[in-house]
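Down below are the structures I want you to see.
After this come two complexes, each holding chain A, first together with chain B and then together with chain C.
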Partner chain A sequence: MTVTTTLKSAPPTAWFGMAVVALTIVVALGAPWIAPYAETEIVGAQFQPWSAAHPLGTDNLGRDMLSRMIFGARNTVGLAMLTTGMAFAAGSVLGMLAALRGGWTDQLLSRAIDVVMAVPPLILALMMLAIVGASIPNMVAVIAFIYIAPVYRLARAAAMNVVRLDFIEAARLRGEGTLWLMRREVLPNIASTLIAEFGLRFCFVFLFIAALSFLGIGIQPPTADWGSMVKDNATLITFGDVTPLIPAGAIALLTVAINFIVDWMLHRASGLKT
Partner chain B sequence: MNKTPMTPLLEMRGLRLEAGPVKSPTVILHGLDLTLRRGEVLGLVGESGAGKSSAGLAAMGVVRDGVRFAGGSVRFDGVTLTDLSPAKLRRLLGRRMAYVAQSAAASFNPAHRVLDQVTEAPVLHQTASRSQAQQEAIALFRQMQLPDPDQIGLRYPHQLSGGQLQRAMTGMAMACRPDLIVFDEPTTALDVTTQIEVLGAMRDIVEHFGTAAIYITHDLAVVSQMADRVMVMRDGREVETQRTREILSDPQQDYTRSLWAVRSLERPAKPADTPPLVECRDLTAAYGEVTVLKDVSVRLPTGRTTTVVGESGSGKTTLARVIAGLLPPVSGEVLWQGQPLPPDYARRDPALLQDIQMIYQMADTALNPRHTVRETLTRPARFCRGLSGRTLEARVRELMDLIEMPPGQFLDRRIPELSGGQKQRIGIARALAAEPKFLICDEVTSALDQLVAQGILRLLMRLQDELDLTLLFITHDLATVRAVADQVVIMQQGRIVEQGPRQQIFDSPQQAYTRRLLDAVPQMDPDWLSRVR
Partner chain C sequence: MSPVPKLILQRLVLGVVTLFLVSALIFVGIELQPGDLAEQILGQSATPDTLAAWRAELGLDLPPHVRYLNWLGGVMQGDLGNSLASRRPVADLLSQRLANTMFLAGYAAVISVPVAVVLGLLAALWRNGIFDRGVNVGALSAISMPEFFVAYVLILVFSIQLGWFPTLARIDEAQSLGDALYRCFLPALTLMLVVVAHMMRMTRAAVINVLASPYIEMARLKGVPRWRIILRHALPNAAAPIINVVALNLAYLIVGVVVVEAVFSYPGMGQLLVDAVSSRDLPVVQAVGLFFAATYVTLNVLADILSILSNPRLRRG
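On to the complex of A and B.
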């Protein structure tokens, strides 16, 4: 099936999801040109209401909310993408390695992953960030490390189904190395599962970053990010202003949108019709 | 209910089945006519894709998902099934019409006892109370010659053998005393010696209750034991229908004759007097605690075909895995041109690995579905032979010519787009790309139709002559052995029972087990089953 016919068969929910994601990407990439003000520029008094000059008002330091929303898309989504990508690169390679090698390699890796999974992710992240110190590179590394575990488990399980097939045996019998087996024989067969998982895992990471930022140990001020924007402006809620709900809503919208796409991809990968 | 023998029990008129989009449908049955009288057994024969399973299901008013009735009618005992609502049809299914599938193991729910599943239909259709149904089921088990009929129903499906399950499933189909049973390849997955028992039990019970049956199979010898009449099908059309004896002795159509001729393929055996390429000495191998190979010694002469024959569980595939280095033996050794082979393939040097290649039973899993034909073939040619650029392309085309597939047409196809026989050919080409001396063929034809299988066998024989290959051919099918073997090894429960030149094994078998195995092969003679039982 070509790309166009595949896209045509997408249900409306998936179209909605793709539209939201596309919009987010455009906004994130074009932030400096789209945003009316700079990311950290103080443009007026604190907590100004919505007006023509500031469509979403200003925040607790008098920065333009809309501009920060736009830059926030860049930071939150971009970092989430980077983190998820790192977790997937490491997790899927290790998972396939465990499935292909079996034996001690598998035991060692799997038990190590069990240890990581035994601690609730948020607590583990808080603990590790307390040790290494809160900074953006540290946060990305810590979250990527934590999310290697579920990716590893999935990649290993999916690869297990592939490595027992005869074509792997045939490749081994002609002396192919592990790297080639991983890249050319196993990976193409588990790619659809991994891609679907990537979408889902991206949502988790994205929420995770927002949560850490909300707690004040994620993305550090003055960098704009949707999680900390909720936290910084939370007091407005008590005055009946919905502005802090807008970054929260953006998080929710993007999460739902990605889940719509993932649902569709999982459905296609499972081979079920309509 | 009209019981006069004149009215047919089942009448299909111009039945047309379609699948796919309504505007450009794939036609599965092109207006099939079929009549079945009470108590009659009709055999449906054809290759896969001939539409015989679809016809069998349609006889019960059922179609597979995505398939629809597109014309014609199916009348069962005066009721037009094609017009019936699903609820009304369900009342007939299981009670008046029953179905026996190819894989009984997959058709039983592993979480329930056999007896509960056999009595499910009569209880559901309220033709009998539970205790009454259980009594009848036990009587059926006895009639089907299942061991320990009183207790066997209390076991779970995994505790029964394949043959026992298949008989229990026939018992289940019989539980409501249906007027029609559809058998869909019920013995294809069974060993020959088990097949005899199951066939006999099925035939007896169908005769006993006077049930009409449709017996679907691709095995002509089997159908000639079971059926009163045989319909040969091809591409969703009837080729010809005759009484069994007549169609066997005097087939009218060329296609029927070509099906008949498949079984007579036989290559003259060559003397197995060349020096051995591979020699196994006292091999014993085990999976964990279970010993599957005991003191196996065999010599595989260079440039000859050695077939290893045995029922499932006899250790023939294990022998191949030991030689290939996939399962290091517990004791004993494998010699390659007189030199000991490292037991683990990972310790063999690349040149040695390339000399030993395998061809697998399931071409579906033996080829990476994400690759094209070109990728499948270029990799071993590049990796094992160091070819690249133009020589590589030339080699790939040469390989395609060897397996008689036009390179221009197939090279850029993806594996899933190929038919079963084409996939198997690609599997052979991939093995040949490494330019091996020794090919292990593990049941390479058992998943294929007879005509296609014959093509593969002819191809392998031709390649052996052209490339001077040594073949180890594993099979459970004695017709295949007769076709290709120079030397025959008979295995049972991990041991070699008998080995020798083909002629000697077939003409004067020394061991009782060999004789039993040879006798169990169905022959194209309607009286064969009655004679051997």
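On to the complex of A and C.
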């Protein structure tokens, strides 16, 4: 099946998902050209209502909400991508290493991962951030560390099936090193499994960053981000103003969109007809 | 040893080891910090003499492993140390908030479990119908939404526009139970919407799984009505996975309260943890974090044990 016929067979929910994701990517990449004002520029009084000059009004410090939304797309989504990418890089390397080496390497890594998985992620992240202090690099490192665990389990399970096969045995007998085996033999065979999981994990990481920023311990001001924008402007809700719901809604919309796409892909992969 | 006690023992040991490692993790993290608590409290202008006196008072002059064991011994006896910010014993800060958090989580659990099981059963009964699809899309959306979004939408609709419920869930001991239930309705509803989706999907999957078995086919051929097949034949056999998923979601509920408490300014453990993390009040973080981890680990171990016990192949060994 070609790409076009595959896309044509997609259900409306998947189409909706792809449209939302494409729009977010365009906005995130083109933020400086699309946004009417700069990210941290103070353009007026606090909490101005919606007007022609400020389509979504201004925030608690008098910055343009629309511009902050647009830059927020870049920061929140960009950081979530970076974090997920780091977790996948480290998790898959460790998972493949455990599968290839076996023995005590596998035991040690697997038991350590068991411990990380046994603690609720949000609580673990809060405790670690209390130790290292709240900042963007610390937050990215802590969340990436926590999400190594599920990626490791998946990569190890997938790699376990591959390392039993004859071509690995042949490569070993040829005298290839672990690193070579990992890169040339195992990774190409488990890549599709990992990519399918990436979308789902990205959603978790994205919601996680949004929740931490909402609690005030994630992305720190003055960087624009959807989670802290909800928190900073939450008082407006008590006056019946929906503005703070827009960044919160954007978070919800993007995660729903990605879930629709992942759901469709899993459905196709499992061979079920809709 | 027969397999069941052995498996259960393994789960219990893993749980206890996890908690020890979590408590040690925090300790090691604090050790790796440049400077120590005495310097943090007194600031950079403190003289070496005052620093030494403070270290002796806080016990910071002892080697790390001794301090860890001292702290652990204290925890076993209910002494959690003193808060750095308020200088009050951590145990005093916790007691009332612990009750509040348990109240909110319990409240949410009592509404969500029946709702989730009934929705899951109905979705399985009319599977692939309009109801099933609607509930499924709803569940997928609910799982994807951040808790604070759900919470603020509920506040906007129910307390600002309709004026039925208060926007903040402030409770104290003077209130009657009915009043407390009324004030906590929106936070409980938020938590419910977040956990119901997952529980409902698992219930549906478990019931549909059982419906595929031959004895259900037999019952259907005998002419047993559909609702009776579901209630008498399918549900009891699907109970084990459902109980398991309920226990897992209660564990999630305990953690989910953190964000919900922040939205509604509810005086619970989650709010305390977030405040302590912002001000880097490490003794409080340690105690509250350990409490959340312990509850989560306990409920997970419970879910494991229940699923081991409900598996006849393991039970007979």
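Keep this in mind: the second predicted complex is superposed on the first by the 252 of 274 C-alpha atoms of A that agree within 3 Å, B and C clash if a C-alpha of one lies under 4 Å from a C-alpha of the other, contacts with A are read in each partner's own complex, and residues count from 1 in each chain.
Assume a contact is a pair of C-beta atoms (placed from the backbone, for glycine too) under 8 Å apart; a residue touches a chain by one contact, two chains touch by 3 or more.
What you are looking at is a predicted structure, and each value in this text was computed from that prediction instead of being measured.
When both complexes are superposed on chain A, chain B and chain C sit side by side without a clash. Touched residues of chain A were counted for both chain B and chain C, and C has more of them. Using the contact criterion defined above for the overlaid structures, shared-chain residue A:A170 touches chain B, although it does not reach chain C. Judged by the touch definition given at the top, the superposed model places A:R153 against neither chain B nor chain C. With both structures placed on the common chain, the touch criterion links A:N259 to chain C but leaves chain B unconnected. With both structures placed on the common chain, the touch criterion links A:I131 to chain C but leaves chain B unconnected. The angle formed at chain A by the C-alpha centres of chain B and chain C is 90 degrees to the nearest 10.
Contacts of A:L245 after superposition: chain C is touched, whereas chain B is not reached. Put simply, chain B and chain C get as close as 7 Å, counting only Cα atoms, in the superposed view. In the superposition on chain A, no residue of chain A contacts both chain B and chain C.
Within the complex formed with chain C, the chain A residues making contact are 13, 114-115, 118-120, 122-124, 126-134, 203, 207, 210-211, 214-217, 227, 230, 234, 237-240, 242, 244-245, 248-249, 251-252, 255-256, 258-260, 263.
Of all residues in chain B, those touching chain A in their complex are 66, 324-326, 345, 350, 353-354, 356-358, 360, 362, 365-371, 379-380, 383-384, 430-431, 434. Residue ranges of chain C in contact with chain A, taken from their complex: 14-15, 17-18, 21-22, 25-26, 29-30, 32-33, 137, 140-141, 143-149, 152-153, 155-156, 160-161, 167, 251-252, 254-255, 258-259, 262-263, 273-274, 276-278, 280-282, 285-286, 289, 292-293, 296-297, 300.
Across the complex, chain B is touched by residues 165-167, 169-170, 172-176, 184-185, 188-189, 273 of chain A.
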